[in-house]
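Below is the structure I would like to discuss, written out as C-alpha cells.
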Amino acid sequence: MNVGIIILVVLAFAAAGYIAGKRQALSLSAQSGIKLHSLSGYYGQTVALFAAVPALLLLIVWLLVQPIVVESRVSGMIPDSAIAQGSARSLVMSDVRRIAGGLDAVLARGGLGEDELNTISANTQTVRARLAEVGVALAGEVQPVVFEAARAYRQTTKSGALAMTIAVLGVSLALAFLAYRRIEPQMRARNISEGFVKSLLIASSLIAILTTIGIVFSLVFETITFFKIYPASQFFFSTVWNPQFRGGSELGILPLLWGTMYVSFIALLVAVPIGLMIAIYLSEYAGRSMRSFAKPAIEMLAGIPTIVYGLFALVTIGPFLRDYFAQPLGLGSSSSSVLTAGLVMGVMIIPFVSSLSDDIINAVPQALRDGSYGLGATRSETIKKVVMPAALPGIVGAVLLAASRAIGETMIVVLGAGASAKLSLNPFEAMTTVTVKIVSQLTGDSEFSSPETLVAFALGLTLFTFTLALNVLALYIVRKYREQYE
Amino acid sequence: MTDLTVTGASALAPRGKSLLELDERTRRRNAAETRFRMMGLVAVLVGVFVLVFLLGSILSNGLSSFRQTYISLDIFLDPAKLDKGGKRDPAEIAKVTTFGYAPLIEKAMADAMAAKGVTGDGVSAKAAGELISKEAAADLRRYVLAHPQAIGTTVNFDLLASGRIDGYYKGRVTMESAKLDRNISPAQLQLADKLKSAGILVTHFNWGFFTAPDASDTRPEAAGLGVAILGSVYMMVIVLVLSLPLGVAASIYLEEFAPQNRFTDLIEVNIANLAAVPSVVFGILGLAAFINFAGLPQSAPVVGGLVLTLMTLPTIIIATRAALKSVPPSIRDAALGVGASKMQAIFHHVLPLAMPGILTGTIIGLARALGETAPLLLIGMVAFVRDYPAGPPEGFFDPASALPVQVYNWTQRGDPAFIERASGAIIVLLVFLILMNLSAIILRRRYERRW
Amino acid sequence: MNSISSMNTTTTTTKASPMTETKISARNVQVYYGEKHALRDVSIEIRPRSVTAFIGPSGCGKSTFLRCLNRMNDTIDSCRVEGHILIDGENIYDAKVDPVQLRAKVGMVFQKPNPFPKSIYENVAYGPRIHGLARKKSELDDIVAASLQKAGLWNEVKDRLHESGTGLSGGQQQRLCIARAVAVSPEIILMDEPCSALDPIATAKVEELIHELRTNFTIVIVTHSMQQAARVSQRTAMFHLGLLVEENDTDKMFTNPDDQRTQDYIMGRFG
Amino acid sequence: RDQIQIAGSSTVLPYASIVAEAFGENTKFATPVVEGGGSGAGRKKLCEGAGENTIDIANSSSRISKSDIETCAKNGVTEIQEVRIGYDGIVFASDIKGPKFAFTQADWHKALAAKIVKDGKLIDNPNKTWKDVRADLPAQPILAFIPGTKHGTREVFDEKVIVDGCKEDGTYDVALAANNNDKAAATKVCAAIRTDGVAVDIDGDYPETLARVDANKNGIGIFGLSFYQNNTDKLQVATMAGIVPSVETIASGKYPVSRPLYFYVKNAHLDVIPGLQQYVEFFVSDEMAGPNGPLAAYGLVSDPELKKTQEAVKARKPMGPLN
Amino acid sequence: MNSISSMNTTTTTTKASPMTETKISARNVQVYYGEKHALRDVSIEIRPRSVTAFIGPSGCGKSTFLRCLNRMNDTIDSCRVEGHILIDGENIYDAKVDPVQLRAKVGMVFQKPNPFPKSIYENVAYGPRIHGLARKKSELDDIVAASLQKAGLWNEVKDRLHESGTGLSGGQQQRLCIARAVAVSPEIILMDEPCSALDPIATAKVEELIHELRTNFTIVIVTHSMQQAARVSQRTAMFHLGLLVEENDTDKMFTNPDDQRTQDYIMGRFG
C-alpha cells in the first residue's frame, strides 16, 4: 500500500472513531444517567486522536528508519571488489536504488512477471534495455552483484512496506479500540484532547529553539575553522575590511557592523514615523473605503522584490542625492551611499510598521478614545496620549520586526550603498553591511577553505549573537517599561 | 479666572466663552490637529506614491514582455535532410540535431520573402535567418519528433523572432543603436519592417512567457516562467501549510499558556532574534539541515519551502502575539466565566478577534517568502532549470526554479532583452502576490471590528 | 471631608443664580442608530447652575441623549443626530462649532468606567494638561489632589498615585473617572450613572460634590435611583422608549407627575 | 536523480546553460540543472563527496587549488577531470557617448593604485583625472567600477593590469627597494587599490556595472567580453596596449587581459548519472565549443587546443596533482 | 417598598430551606495583588439554596473575594490566593480540580458588563453550546429565549437577536451578561453588582429572578444598596479594608449588627 493510502486509511479510522466515540459517550450517558463530563464531541475527538496520532508518528519513524536499515543490509551484499576505483559505496547504492525502481516500473508496465524477474539473472544487456524502455537511464553496465543487490533491495523494501502497513494500521485500530473501550461518562475527554492540543502548541513553539540550534550548528564549525586560520582579535577589533584574493586580507567586522547599524538606523528613521503615521491615519482618520484600498496597497510595498528597490536606489535616488545634496554640500560625489540605501530600505519596511501597528491600534477599545474625547481632547491628542501608549507593546514588536528586516536585507544595500566597507559618519559615503558581505563572501570565486570565504560564517554567527544581545536588551527595556503600569 | 493661580482647587472655576469663536489655545490645538492629520495623509500619500512609482516603472518596463513578435513561415520538412533513411524511424530522426534544422528555416525564410516580393537589400540569407530565434530550430525538431509523418509536407509555424527584432518593435532597439550593435544591423531591421508589412512578421500575446521554461543567454525571446511559477506555487503551498498553523500555535502557547519563566523568555528572545537573522543564513541552515543532514535533494521546492517556512515563522509569530495581546482581557474573563476552558476561550473568542493581526502577519510574511532569493542561493534553487517538476507530491522533490530566482537570474544576464523579461516576471510575481493576499485581505475585512 | 467644606466657602459667592435662564436647549432632537430610531423628537430646556436628572427604564435613550449634548455620538459611525441643541444660545451642531472646544466645556462621566491604562495621577492630570490649566508641576499636583478629593478617592489612592488606574476596583474606577472629568472644570458636567458602582458612603460624597458643583456649574445626571434623583436634582426629565415623556421640577415630578407613564414608572417602584 | 547537476562560477554559467539547453534539446537525457554561486562554492560542493546528493560538475573561472583537491580526496572524491573550455576576455568599457580611451596597464596602475611613484618616491595617489595620469588621455575624472574582491575577474585585473602596470611604470622597483627586495611585499604595495571612492567595488554582476556606468557617465567599467558584445550599443570598449579586444585578438594572445575557464567533472559519477559522459563530450565538441559554435558566437574565446581536450574527455583522464 | 412585599409573597414558599448546611466554605483566605494584601484572613460559610449578600465600601475586596470563589483570579498574573475554599466539601484550589469544571458549576456576572463582540443570540447561546446543554437548534433557541426572559431583556431584544451585543445600552448589556450566566444553569451564581446600571423595574425583575433561582441554586451577590441586600438576601457579609468584618443573618445585620464598623457603615447612610 502506498503511504498516501495508509494515511487516508488511518484518517478514515480516526473519522470512524470520532463518530463511534461520540455515539458511545451519548448512549452510555443515557443508559447510566450520569451527565457527561465533556461535550460528546470530545469523546469522539479522543478516540480519533488515539487512532490517528500514534499511528502517524509510527509511520513517520518507520519511513525514516526503514531506508537506513534496508540500505545497510543491502550494502552488506556488495563486496568491496564491486566498487570501482574512485567510486563510492553510496554511488553503487544509488545504482541499486535506480535499478530497483526501474524493475518496479518494468513490472508495472507488464513487461515482466514477478517470477520472471527472479529468473532473469543479470544478463545485464537486457536489463539495461528493459529499464531504458521504461525511461530509467543507466549510465554504465550493470554488474551481477549490483543486480542481485537491487533485487534484494526491492524485496526487502517490499516486505518492509507490508510490515509497515500492518503495524501502522494495527496500532491505529488497537489504540482506537482501547480508547473506545475506556469511554465512560466521567472520563475527562475534553482535558485529554486539550492536553493533546496543548502539547502541539508547545511543540510548535519549540521549533524556534530548534531553528536556533540548527543555525548555530550550521555556522559554528566553519567559524571555528575560520578562527583557526585568522586571529579572532583582528576579526573583532580591526577597523579595516579589505579582503584580498591572494591572502593577507584584513577582515575586521567593525566597519561592517557600523554600516549595518547606520543603514538600519536610517531605514528606521524613515519607516517608523511614516509607518506609524500611516497606521494612525488609516485606523483613526481614513474612511472605510480609503482604508480598504490603502492598506493592502501599502502592504504591496513589502512584496515588491528587493531588486526593484535596489535598481530604484541605484538609478533614481542615488544620483539624485549625489547631484542635489552631496555635491553641493561638498560631502562627496558617490552615487551609492548609506543614505540612499537607508531611504529606499525605509520605504520597503514601511508596511511592517504600518500594517501591524494599524491592526493593533484598531484593537484599542473605543471606550478609551471616548474617555479622552469626553475630556475635550482632540483626536491627535487622544492618539498620542491614550491610544499609542495603550498600543505600545504591539508597536514595539512591529518596529523590532521592521528593524530585523532592515538588518537582513542584501539587494538594496548592494545596489544602493555599495560594497566597500567603511567606518564613516558621512551619510553620503558608500558603505556596506554584514549581510551583504555574508552573501558575497559565500558566493565568490575564491577558494572555500580560505579565510575570505569562511569569514562569512563568522560574520553570520557574530551578527546572530549581536542581534541576540540587542533583543535581550529590548526585552529587558520593554519589561521594565511595562512594569510601570502594573 | 484670576484665582486660577491661587490653588489648584480654585482652578475648578467655569470658563465662559462662546463656542462659535475659537479661543487661542483651541485654535492652536486645532492647528496641531490639522497638521497631525495632514502628516498622516502625507504619509499615506508618500507610501502610495512610491508604490505607484515603482509599479509604474515595473509595468512600463515589463508589460511589453506579454507580447511577442513572431515570424510566420511555411516550412517544408525536407525528408532528404530530416530522415535520410526514409523509414520514419524515430530513433533515426532523433539523430538529426537542431543544427540540422537551421537550414530548413533559413530556406523557408528566403522562400517566403520571394513569395511576398520582399527583397533583402544586401541582407544575406544567413543574416535574414538571424531574424528568427535560435529556439525555432528546437521547436521544429520537437514538432517533427512528435509528428514523424509530417516529414515531407509543408507546415506553417509561428516562429519566435530574435530578441533584437522583438526589441525593435518594443522600442528597445532603434536604428541608431542597431548601427552600433554587433548582433543586429539597420538593414536587418529594415527587412523586418518589410516583413511586417508583408504580414510575415506578426505580434501577438505571449503565452510562452507563462508556460515556457527558462532559456539560455542566447535566446531571451524564448525565456518563460513556467518552471518558476510551478516552483513558487509548490514552495508557497508548503510555506502556507506549515507556517500559518505552526506560527499561530506557537504564538498561542507563548502568549496564553506559557508560564512566565526563563525558558519562555528564552523562546521569546529566540523568536525575536530569528526575525533578525539574514535570510541567507537560513539558506546555510537549509543546506546543512535539510540537504546534508536529512538527505533531501538539491534544488527541490520541498527544501526551499521548508527554509522559507522557518524564515517566515518569526514574522507570523510576532504579529500574532501582538494581535493576541491586544484583545482585551475582559473577553477572556467573560468566556471563562461561563465555564469555557482556556482553550475554548482562545479558539472561540480571542483568536477570531486577533484574526486581522494574524492575517496581516501572514500577508507580510508570505510576501517576503515569495520574493526571497538569498536563501535559495545556497540550496541550489538559483539555477538554470528547464525541465518541469512533476505534479505534486513527487514534484516537490524535483528540481525547480522560483519567480524571484528567475528575476534575479535574468537581471544578471548580458542580453538587455532579459531586463524586460525580468520586469515581466516581477509583474507576474506581484499578480501572484495579490492573488495570494486577496483571500487574506477579504478575510481580514470580515474580522475587523472595534469593541 | 474638610477639603470639601473649605472649597465651599470659596465659591458660595456665586450662589444667587437666576433659575429661569436656559443653559442648554434642545429642540426636536432625533437620533438614529443606523435604521433604529433611538430618540424621537426630544425637546428640553436645561437651566444653568442647577442639577437636572434623567430617569427612565433601561434602554430608553438617556445615555444617547446625554451623548448628544457634547457630541460624543460623533464617534459612533452608525449614529445620526437631527434637530437643534443650543448651549448658551449657540447651536452645537453648527458647522463652525469645534467639538473639541465643546467637550472641554461640556464634561462627561461615562456609564462604564473607562480609566486610561496609565497611572492614576496621569489619568487625572491628562485633561488639565491638554487644556493647559497648569503652568507648573506643583499646580498640576494640586489640581490632581483636589479632583481626587472631590471624587472621594484621595484617601484610598494617595499612596499609589503612580499605579495603574485599571488596577482599581470597580467603584474606585468610577470615582477616578469623575475626578478626571472634574479636573478640567467644564461648565457643564454630564454624568451617566456616576454612582452605580458606588457604596452609600462614596455615593454620598459624590452627591455632595454635585451639590457643591451646582453653585458654578450646570449638571445633568442620569440615574436609576429615584431617591438619588430626588436628593440631588432640581429638575427631572423622564424618558420612555425614546421619547421625552415629561420634564418637571423634581418635587412635582415625584409627588404629582403630569404624565401617566411617569406616574406608572415611579409607582411601578413605589406604588 | 535523472538530471546532471552543475554548480559554480557565474562567468561560466551562461556558457554552461547554452550547452545544457542544447544538450536537453538534442538528446534523450534531461536538461542539466546549472547553478551559479561562484567558483569557490561550486568546487566546495564538488568536493563534498560522491553520491547522488552531491553535484557532478563544478564550473570554475580559475584553476582548482591544492586545498580543494585535498578536501576532495578527504571526502572520497579522488578522480576529477579538468576540462578547459576556452578563455574569457576582460575588457574596459565606458559610456558610448563619452570620449574614447586607449589604455596601457601602467595607466590603470597610476589611476587606481593607492601609492604611485613620483620623483623616485612612493606617494599617495594624487591623480584626479585621466589627464593627470597621462597627458593624452581625456580630462575626465577617474571613476572605475571594478569587480569586488571575491570575483575571479578581480584577480585577473589585479595581476594582469595593476601589477603588470606597476612593473611597467617603475613603481615596483621602488617598492622592491623600499621593502628590502621582498617581492611579495612589493607586489602587495603594487596591488593596493586606493580607497577614496575613485575605485568602486562591484559585488554584483556585469549588469550592475553597466547600470552604474549608466548612472555615472564618467565611469569606466570592467566587463567580460561576451557581456560587452551583447551591449555594444551602450558601451564603447577601450584598447589595451593598442589592441582592441575581440575573440581573435584574445585567442591569438595579443590582448593581454584574459583567463581560461574550466569545469571539473567527478569521475565517480560518470557511470552513475545518466548522460554525464555525453554532456561532457557534447560540451567540448566542435559543434558547441568550436570557433564557429554558439559559445564562440556568444563571446567565449575558443580554446586553440580543443582537440586535446576532446581526446582527454573521451579517455576520462583524471587530472594529476597540481604542479 | 411595596414591590418588595409583593415579591416576597411570590417566593415565601421556598423560605424553609435548611439553613445549617454549607455549600461554600472559605477558611483563612488571603489574597495578594503582587505586594498588596487585598484580602486578609477571610473565613465564611455560605449556605446552599440561599442568597448571600456581600456589602462594604468600594475597594474593600468584595469583587476580589467573589472572584476567588470560581478561581477567576487565576487569570490575573499578579494575584496570589492562599487558604482553603471548599465547595461541597472539596477544596477548589486543589491541584486536581479543573477550574473549567468549577466555573461551569459556579457562574459569574461581572461588575463591568462584558458582552462578547458577537450577536446577542450568540452571547447567550455560547455557554449552553460548549456545555452541550442543547441537542437541537430549537432547544438552544428555547434556552436563549428563556434566559433572556429571566433577565428581563427579551422584549427589548427579541427583534434584534442577531445584532451585536456591544451595541446595547449599559443596562441592557448588564442584563445580557446575566442572561448569559443563567443560560448554563450553574449551581452557584456569583453576581457582582448585577443591578448597578438597572432602572428600578429591571432591578425588580432581576431580584425576582434571584428569588426564583434561590429555590435551586446558591447565590452570592455583591451590592451597594442596603435595601437590595435587605430585600434579596438571607445572609449578609460585610467587608472592610480587606477584612470580613461580620457575617450574619440579613435581618439581624440591618437591625442589630454585632460589629461597630458594620453599624457605622449602615448608619453612615441611614443614621
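Note that the chains are named A, B, C, D and E in the order they appear, and that numbering of residues resets to 1 at the start of each chain.
In this section, a residue touches a chain if its C-beta (ideal position, glycine included) is under 8 Å from a C-beta of that chain, and two chains touch if they have at least 3 such contacts.
Quantities reported herein were computed from a predicted structural model and do not represent experimental measurements.
Colleague: Where each step is a move between two chains that touch, what is the least number of such steps from chain B to chain E?
Modeller: Each step joins two touching chains, and the minimum needed here is 1.
Colleague: What is the shortest path, in steps, from chain B to chain C when you may only step between chains that touch?
Modeller: Contact-graph shortest path, chain B to chain C, evaluates to 1.
Colleague: Which chain would you call central, comparing Cα centres to the global Cα centre?
Modeller: A
Colleague: Determine the centre-to-centre distance between chain C and chain E, using the mean Cα coordinates as centres, and give it in whole Å.
Modeller: Averaging C-alpha atoms per chain gives centres 29 Å apart.
Colleague: Taking each chain's centre as the mean of its CA atoms, how far is chain A from chain E in angstrom?
Modeller: 50
Colleague: In whole angstrom, what separates the CA-based centres of chain A and chain B?
Modeller: From the centre of chain A to the centre of chain B is 19 Å.
Colleague: Any idea how many Å lie between the Cα centroids of chain A and chain C?
Modeller: Chain centres of chain A and chain C, defined by C-alpha means, are spaced 56 Å apart.
Colleague: Quick check on chain A: which residues sit in contact with 2+ other chains?
Modeller: 190, 365-366, 378, 381, 442-443, 486
Colleague: Residues of chain E that contact two or more other chains, please.
Modeller: 100-101, 112, 130-131 - these are the residues of chain E that touch more than one other chain.
Colleague: Which chain B residues touch at least two other chains?
Modeller: Only 29-30, 33, 341, 353, 377-378, 411, 451 qualify.
Colleague: Name the touching chain pairs, please: which are they?
Modeller: Touching chain pairs, listed by label, come out as A-B, A-C, A-D, A-E, B-C, B-D, B-E, C-E.
Colleague: Quick check on the complex: what are the chain B residues that touch chain D?
Modeller: My answer: residues 94, 97-99, 134, 138, 141-142, 173, 177-178, 180-183, 215-219, 291-292, 295, 297-299, 377-378, 380, 382-387, 399, 411-416, 419.
Colleague: Contact residues on chain E for chain B in the complex?
Modeller: 70, 72, 75, 77, 99-101, 103-105, 107-110, 112, 114-117, 126-127, 130-131, 166, 177, 180-181, 183-184, 186
Colleague: Would you pull the chain A residues touching chain C in the complex into a rising list?
Modeller: Chain A reaches chain C through residues 365-378, 381, 385-386, 389-390, 484-486.
Colleague: Mind pulling up the chain C residues that touch chain B in the complex?
Modeller: The touching residues are 3, 7, 10-11, 87-88, 90, 92, 94, 96-98, 100-102, 104-105, 128, 130-135, 139-147, 150, 182-183, 185-187, 216-217.
Colleague: Which residues of chain E touch chain C in their complex?
Modeller: So the residues of chain E touching chain C come out as 1-3, 33, 55-59, 63-64, 111-113, 156, 167-172, 175, 192-193, 196-204, 224, 226, 265, 268-269.
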